[in-house]
Structures are given as structure tokens and as C-alpha cells.
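By letter and in written order, the chains are A, B, C and D; residue numbering begins at 1 in each of them.
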């Protein structure tokens, strides 16, 4: 059998580990052949392929990014997208397709599988860890590690100058990276998209920190928002590709904090450093196991399913179900961490 | 209420994060006072205490080791140990004792709690991750990270000289560190205590790796053993403190591999670097949450229990049960990873 | 003899290593006592001191920031500043003062020494490495390391999405951090303050990189500027403390590149992460040796001098001379590195 | 012109950066073509070549090891070695040969150049930093960084258990790695090959450290030796390839310290982790510049020379001279660092 593989959406450390796991096990244990599709769904739509065999996956385990390239192309928004995909699969005699990606990429896989009988298996990928069907997604641990190391570094400069340092981390809709890295980095304030914050409360926490002669670190998810009436966002321009630009909550916070507390404040926006580079050991482990189990699902003919982590087990869940609901930070968990604020 | 805290057994990155979590929440939310006992069970036995309040736990989150010190003292093996502990607790008016440690330390806590009505709560600690009641223990992720980084480094020197590099990692009875770091590091052979290895098979894997012009990395847990008749261990001397010295399986492997394959082989023994230094973000998160939940157990009067990780939840389990059985690597999981051997 | 020590200006990894070196050698070998002044020149002006002995410097070697605190206070701009400093020194019977800092802090030391007979010894500190009298200053290597690691990470995300990634690093007046981290990180364009860049040339380099199917990384010093007429800077606001805000050349570059090349571009501003956290081994070595030699200068009564690195030797140079001229990137060196552009 | 390139001796982070620098500049600026020889002098002797052009050097900058492979083959010890090399060079029409290596590899280049008119340029490589003609060699900074990070980690485990931790680092004949990493890591004893140590003095330092309630770290170069009569080395066996095995001074020290001080002691041997993996930013900078200047020497027809670092400049020196004398640690420098012992 020939199996197609593609990676879609934003890149994420661990994608290559998934690909390697699929190809090694599929080739050695099941005797499959593989076709790599370039740049997510664009690949099968346009018939753009890459050779994908064991030599092609040697040495890629520790490398960030994806050797298959990625894009946000959605065949359901393109002319004749589904038909073109089916033609490509037929032409290459592909009996199964493994799609590695986030909500959008997997949403396509679910529809192709459920509505168009394209035999798809999904591997979930979201650096934000906001997928409800799985305990963790790969890439998240790496991102938290990068952010934590940055916060560790910022502590000393904050202390030396008795300044407030604001760190803006990824997380448009879910605060997982902010919550984990903020806790691990010993932040004094953590702000997440799930709960609108009160800038006055933030400043009280900052003041109380200075009172014990320590300088505060504020970790804020890019999607966090103050209470109504407290913030006028910069006009949220879109770039030339139609993507929304960061709204700049970190920069806004520093200005507000300076104005309200009379303390100097500086912002660091970690940006893409959080999603690039070599994956952590945890992410390599998780991503590899996702790959191994995805090819097992192919062998079992268990299509329309996605692999997921539950405790220390890899399980399979229907893709459609898995991508239906965003996993956001539970208020109880946020409250638990709140003991370290101030 | 006054709460005692102690750390016993080998040190482990994250111990300080547990202590900080306990003290911050206990002080701020429940109004408890704390007494630190020095060097595990030696502390309460000898009445050796440390002040333990919020200033004492500032800045310790990213630091390895334990501010309370540690030892392997066992009150059940000491003259009058239990009585002396009870006296110390009475003298300091201590209403609950949190013991952070491995099988031995927690075994004492279980007996004190169950048989002597000493109100104990346990926090599990084993860098080897070999405790059956919890998905992961803190320190393990840090150890795996250190070992993986070492393996990453060794690949290039192996390739440049077409040599075999053997990496000996921790794990006397369970191969978790070897398995995770070996997989994450792209090792070509992983040997664990749970399954006796066949040196001839190991050499076949090595040969097949050289055939594709790559140099092999062998990751071996210190407790791994060859099949009967294949190895004569160095006389396993004990040091002047009665601890068994490492038996040197890594060194033995390099020699056997050289003799059998005709390829140069070198050994690196990672040793204590795996258990020291700043904890990973994952371990800080887990250890902190263990601390927060341990003090909740104290508040609930839920003694004889230990906190544990299940999925992403922290739960409580009876200490005695939790420490009864070693969590070893499942043969099925080892087989799953075996696809990368050779 | 009693010796005063202060640290002024922006913080820099290695400051604590200098302090430790001074105190260890001064105490053990020369029998001196030490007085720490808090927050740069504010300390001696206001008589704000800290105890500074061997226990006070234990464990500070690997820590970023400065245990003495820092500020930009300039006694020559304050009412009666010099007189107040002399009074403090007299009151504490201080026979020598070691000032660790950049151009401003050392400039004060030079004037105090040369014009007011205050016995000062200087230790140079500039994370930007822009001091002409010394081959390197501590902190620079750490900053370059942090920036290089970030660039390493960004490569993979650039490749996966065929995007341009712009990394803005420190360097208002000198491009050393950009040059070293850009070269070490394999950047395709490096822009420094010493040479106005041509945005059209930058875009040609970017295009030529895409032509070989690689995605470009642009490293830009915060002080780099395009040719006249090519850039309209954001109104360069000052913050509430009168410091000039970053002008945002990185953000501007990304927009221009998108507009001119039609490729997506993103900016990461590394900010304070470059100057915080644990110093690199090189910086600990250099900073410690600076400390050891500074106290030797005190013992020799060699005031008005500053320690400096020449090759592998630590030498002494007149402070006034050393701070007279900014060390900028030589055009020949920039040209040498230019072979990697595009 | 066609230029040959080879790398010999033990591998060293930065070798690939040298190769990339040579090829990029040679191709782009001088229009040269390149031939890579495999495995040091074995390559030209046996005519074993690799293609070496700009695509071949893409992406190798951050990678440890050497894409050309390495060996210790010495043509002067092989039958007809020199003649075979000359034949290979003639056959490939090679007008210049760049040899990157240590004393042995460069010694061959010097003789070939001086006695046999083979136009050679040398690039010095020694992870031990023991070459007298250059301030630093690449790879050394990476090795020191790896060792320092290990020492950082070991501190916490030493403190928690009040144990002595011995770290054995590379350095058969020169103590540079021990000296730099020991100082940077805050070791309490540093032992180097240049000065025989007195085990009694070592134990006094250890005792004095315990007296202030801190646990000592001993850093020892593999080639360090106690005074006459203090040590009986393990029979120094050679491996099956005739290389001398490590003599185990670290292990011996731990045993002696335990016996003499009554404190527990453990040894970590860092081994090959010090010479593998991604080079530090400093080493990438230095190695790249060595490559750029080596190809300039070729262009200038300046054969029999080697590039070297002096301060921040790259200069050229006669190879024969440069390799004549080992650069060992100056007693004055060792004494300077001695203030931190105990």
C-alpha cells in the first residue's frame, strides 16, 4: 500500500518526529510505501509531491519545522479542491492519507473522510495545546520551555533595575503557554484569554511585589484582554496576507503599568522563537509515538480517527469530535495558580 | 496549625518547587505555619529544624537540589526512631507532616501514618519515574532532557569517527530514562533492566547501522543486564558507606562491542548530571502542583495519602498502595520503540 | 583598608562574577574589608550601603543581574553630588572605590579620580562590546549566545513557511551583537548602525535566498538605519522616564520587505532576554578575571585606571582614555562577513 | 583553481563552520572549485573524495562533527604515502590543499609544504586549546560550556547530600578546559596536568569547604597526576586500536577523598559530550573566520602557513613554528585562579 503524508498550519517542533515515526514503522513493519505532499493540502490539490522513504527521514528527529513544508490552503475554499485531491490520490495509487495539523487541517481531513470517503487518519498539532481530545499536543512543551527560559533570564534584569518586565507569549484563544511558563518561570502575574483581567488588580499585584523588594514579571498571552472599557486596542491591522497582526497587549500593558504605578516597565514579545527549533525530549517522545500509532490506525483501516494522548497512553478518537471544542484553561486551574500572583 | 516538611532520598530537580508550593499556599490561603526538618527523617528524629516561611522559599523555584537537605535515614532502623519523631512533633506542636521522597521515605510515612497515627501526607519523588501510582514524577523530565542533549551531542562525534558511542544513564530497576532519552535522542539500541539483552543481537543492530554509513549510539540503563552467561560483571564493590557502586555495564558493553564488531567504541556515564541543576518547565509545573495539592490534603485531614498525576489531574492515593509496586517498562511499549533499533 | 564597590548602568551578565572576584581576592589575599554601594552612584551619594563579604558573594557567580543593584544616577548632574560622595567615603573610611559600569559610570569615576582625587579603579561593562580599550567586555558573549539560539530556532519556522524572519537585537551605536549572532546564526542579511543600509539591496538578498529554496533570516541591530529617504521612523517617543523607546526598525523592515518582495515577513524583538540570566562560561571567566585584576590595581594604588582584555591578558589602561572612543564595527570586518549575505 | 580540503584528528565543534567559510568565500569571491577529501590524510592518499560546493555546505554551520569525516592516518607512516597524495592532487588538478587539524594533521601539512612542495594552508584545531600560536582554537569554548553546565548541575546535588563531586574533563597535556570550566563553574578544587597535585592539600581544601557548610566540586583534567608516590594508576591499557584508555584519575580521586576525609564522593566523566554537538556562537564565529582567512591565504599563495587568532585579529604564522610547542597553563594564571580553592 502507498500512504500519503502532509503537514498543515503553523509549524511546530515535533512535526518531523511524527513523519519519521510513520515512515520507519510503516516501511519496516508493514511494508508500505510513502508519498510526501508538499505544503499541507496544497500538495495533494496540486499534485506536488516529495520522495518519502527511510533515507529521507534520517536525521530529522531533532530538527524543528517540517521537511514537508506547510500552508493554510483549504481545499473546501478552492475551486474543485476535493476532486483534485481525489485525482492526485488515485494517480499515485494512495490507499490512505495521514494529515498532521491543527483544527483547520484536521477539519478538512474529517470532512474528506466522513463525506467523501477519502481514507484519512489525523495527527493533532497545536502549539497552543488547545485541543480538547488530547492531554497534550507536541510542540507545546518546547514552547513552554523557551518561554520559561526567557522568563528566567528576565528575572535578573528586573531585579537589578527594579523594573516591571512584561513577557508576551503565544495563545490567541487559550492561555496554556502563559499559564505553564508563567508558573514555571515564577511570574507574579499571569494573564490569559479565558479571563478578562482588571488592570487595577494587575497594578495592585505589582505594587505588592515591589513592597517586598522584588521586581515583578508579568506573563501575558497574546489573546488576553482587559475588562471592558480598560483598553483601546491598536487598530488591529491585517497584513498583506490577510492574517491578523498581533494586537500588542504586552506593549499596552507596559504603558498602562508605567502610567498607573510610576514604575518603569518593558515588554518582550517572544514571537516565533517559541515555535521553532529543536523539540524538547518530551515533544520528541510524544510526536514519535503519535507517528507510530497513526500508521497503526492506517493498518487497521481505522479512518476518520485521530491519535491522542490520555495519561501515558495513545488512543484514537473521531477527528470530527476531537476538533469540535477548544480546550481552554479551566477557571479552577487558573485559580489554583493564582496563589503565586502578587 | 503548624506543618512539618521534609525531603528524603536522592535529590531530584523540583524538590524546591514542591516546598515553595506548600509554603505559599499553606501560608497565604490557610494561615498555617511551617517547620522545615533537615535531611529527611533525620530531622524530626534529632529535632534538627530550619525556618520555613515565605521569605525562605523566595527564589528557590528554579534551583535544583533541596533547601531542606536530604538523607537516607530510616527511623524504623534506628533506636527509638518513632518515639523520637513523635516527641519532636509534639514539642513543635506540629499537626501534620509532609514527606517528599521515594519508596523508602514514603514507606516510613505510610507506616507512621497507618500504624502510629502520625498525620502524614506524601509527595512522590523518584527521578527514575518507577512509581506505579502516578503517570510521571518530577525530576524525570529533567533527567531525560539532560540525557537527550548528551545523546544529541554524541551523534556528531560518532559520525565523524564512525565509532560506536555507549551512553550509560540512570535506572537500576526501571528503564524509563533510557527508553525516553534513547527514543528522543535517536539511539539505535536501547537496553533496559526489564529485559535481559543479547549481546549478539546488539552487535547485529550495530552492524546494520554501519551498513547504511551511520554510526550507532547505544543507550543503556545502569541496571541493564545481558543474558545469562554473556557477562562477567566487575566485582560489584560497595563504597565506604555501604552503597553499591555502579556495575559498569556501559564500560563492559563498549569492550564487548569492540571485540565482537571490530569497531571502536567509547562510553559516557552521565551520572549525577542527570539529577542536578535547574528543573525543566514540565518538572516545575508538576512539582509545584504536587505541593499545592499536598497542602490541600493536609487541610482536608486526608492523611496516609500521597498526591499523584493522572493525565492532567492531581489525585490522592493511599501511600501504602502507591509504593507497593515498582512501575517498570511494559514489554509492549519497549517493543513499540524497537522499530528504531538497528 | 576598606574598599567600596558599585555597579552602574544597564545590567549585564557577569556583574556578580566581578564582585565575587574582587571580594574573594581582596579579603583572602590582601585582608581588605568591603562596602557595597547600592544602585550605582546613588549609593555613595546617599550613603546607601550593603554588607559585602565572602558569605555575601557565595553562590552569585552563575547569577545574572547585580546583587548591588544599579541606576543611571550621575553625581555631576546632582546637587552637590561629588561632595556627598566624598563625605560618604570619609564616613566609611573607604580608601578605594571600584566602579563597574559603562561609559557613563566610568566617566564619573575618571573625573572623580582625575579631578577630585577620589581613588577609583574601573571595570568596563557594556553588553554592546563597544568600548575601544578592551578586546571584549563581559555580557557580550552571553547576549550573542542568546541571540544565536533564537536565530537557530527561527530558521526552521522560516523554512517551513517560506517566510522572511527579522530578528532585532541590541546595539544602538555599534553592531557587534548583530554581527556576531548574525554570522553564528547563519543569517542572510545583517544590518548594523555603522553602515546605512539600502532596503532595495536587502530585498535583492532576500530574493536570491528564496531562489535557492531557502527562507531568509535578517538580523538587524536596533540602531541600524536605512539610507536617507527610505525610512520614516515611528515618532520616537520617550517613556515616562525620559528614555528613548526603541524605534522599531525590525517592525519597519518586515513591513517594507512584505511590500517590496511579496513574501510574508515577521519580526522578533529579543529585548531584555539578551541581557539577563546566567552568564556564559566565557563571560564568567572574563568577569572574574576583571574582578581579580581590579583589586590588584587597588593594592598597587594604580587609580584612575581600568582593567581591559588584550588577547588573553588583562591589562590596565587610563579610564579617561578608554572611554573616549566608541569601538564600532570596522568596515573591513563587515565586508568580510558580507560573503554570507544573500 | 581547484582546492582540496580535509579534516584530521579528533572531531571538534566548528569544523563544519570552517569548511563552509572556505567554500562560500572561495566559490563566490575567487571562483575556485573544491574537492573534499574523506577522513583526513586517508582521503588524498586513497583518492577518496566528496563533492564540495555551496549546496554541500548549506545548513552545516550549526552542526558538530565534520561532513568530511576524520581519521588519524599519517602518510609519513604509510607506505608511499606522500607519493600517493601527490598523485591524487595531480589527478584532480588541485592547486592548493587546506588541512584542518591538530598537531599531527598540521605536522604533516608542514612537512608536505616545506619538504615536498605541496601547497598547503593549515587551520588549527584542538579542543584542548593547547596550541601556542593562537589565542584560542574553536571547539574549546563549546567544550568549556558543556563542562560548565555540567558543573552547574552538580552543585545542587552536592549541596543536597553534602557530598564531594569530582568532574573529570578533557585535557591530557594541558589543563585549559579544567581551568576555564572549573573557574566558570565555581569549583573548589581544579587539578591540571601542568602541576602535580598533593592529595593531602586537596583534602584540606575539601574539609575547609565543608566547614562553611558547602559541598565541594573538584574539577580534574584527565591528564592531572598526583605527586610521586601518591597514586598507583590503573594499568593503562590500550584499546584494540592502540589508543591509550583514560587512566581514571577522577575515579581514583573519589576513592582517595572518601578514604581520607570520610565524606562520600562521586565521579562524573564527561567524555565525548564535550567534543560533540552544536558549536557555541563564539566557536562558530572563530571557525568561520578561520575558514575565510584560510582561503585568503590560498589566494595569496601563502603556503606553509596557518591561520591563528591574536586578540580579535586573524593572522598567519608558519605551521611548523606554530605546532612546535604545546601551550600549557602558565603557573601564574593557575595561581591567580587558586584564590577560589577551598
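Heads up, the rule we're going with is that a contact is a pair of C-beta atoms (placed from the backbone, for glycine too) under 8 Å apart; a residue touches a chain by one contact, two chains touch by 3 or more.
Going by UniProt, the chains are A, B, C, D = Pyrophosphate--fructose 6-phosphate 1-phosphotransferase.
Note that the structure is predicted; figures quoted are calculated from it, not measured.
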{"item": "Chain pair among C-D, A-C or B-D whose interface repeats that of A-B, sharing over half of the contact pairs by residue number", "value": "C-D"}
{"item": "Geometric centre distance via CA averages, chain D-chain B, whole Å", "value": "35"}
{"item": "Mean-CA-position distance for chain D and chain C (Å)", "value": "30"}
{"item": "Centre-to-centre distance between chain D and chain A (centres being mean Cα positions), rounded to whole Å", "value": "41"}
{"item": "Two or more partner chains touched - positions in chain C", "value": "152, 278"}
{"item": "Arrangement of touching chains [line / ring / star / complete / other]", "value": "ring"}
{"item": "Residue ranges of chain D touching chain C (in the complex, touch as defined)", "value": "24-25, 28-29, 55, 58, 61-62, 135-136, 141, 144-145, 147-148, 152, 180-181, 183-186, 212, 214, 278, 280-282, 284-285, 288-289, 292, 310-312, 336, 339-340"}
{"item": "Touching residues on chain D, where the partner in the complex is chain B", "value": "10-11, 13, 15, 63-66, 69-71, 146, 149-150, 152-162, 165, 239-241, 258-259, 262, 264, 266-273, 275-278"}
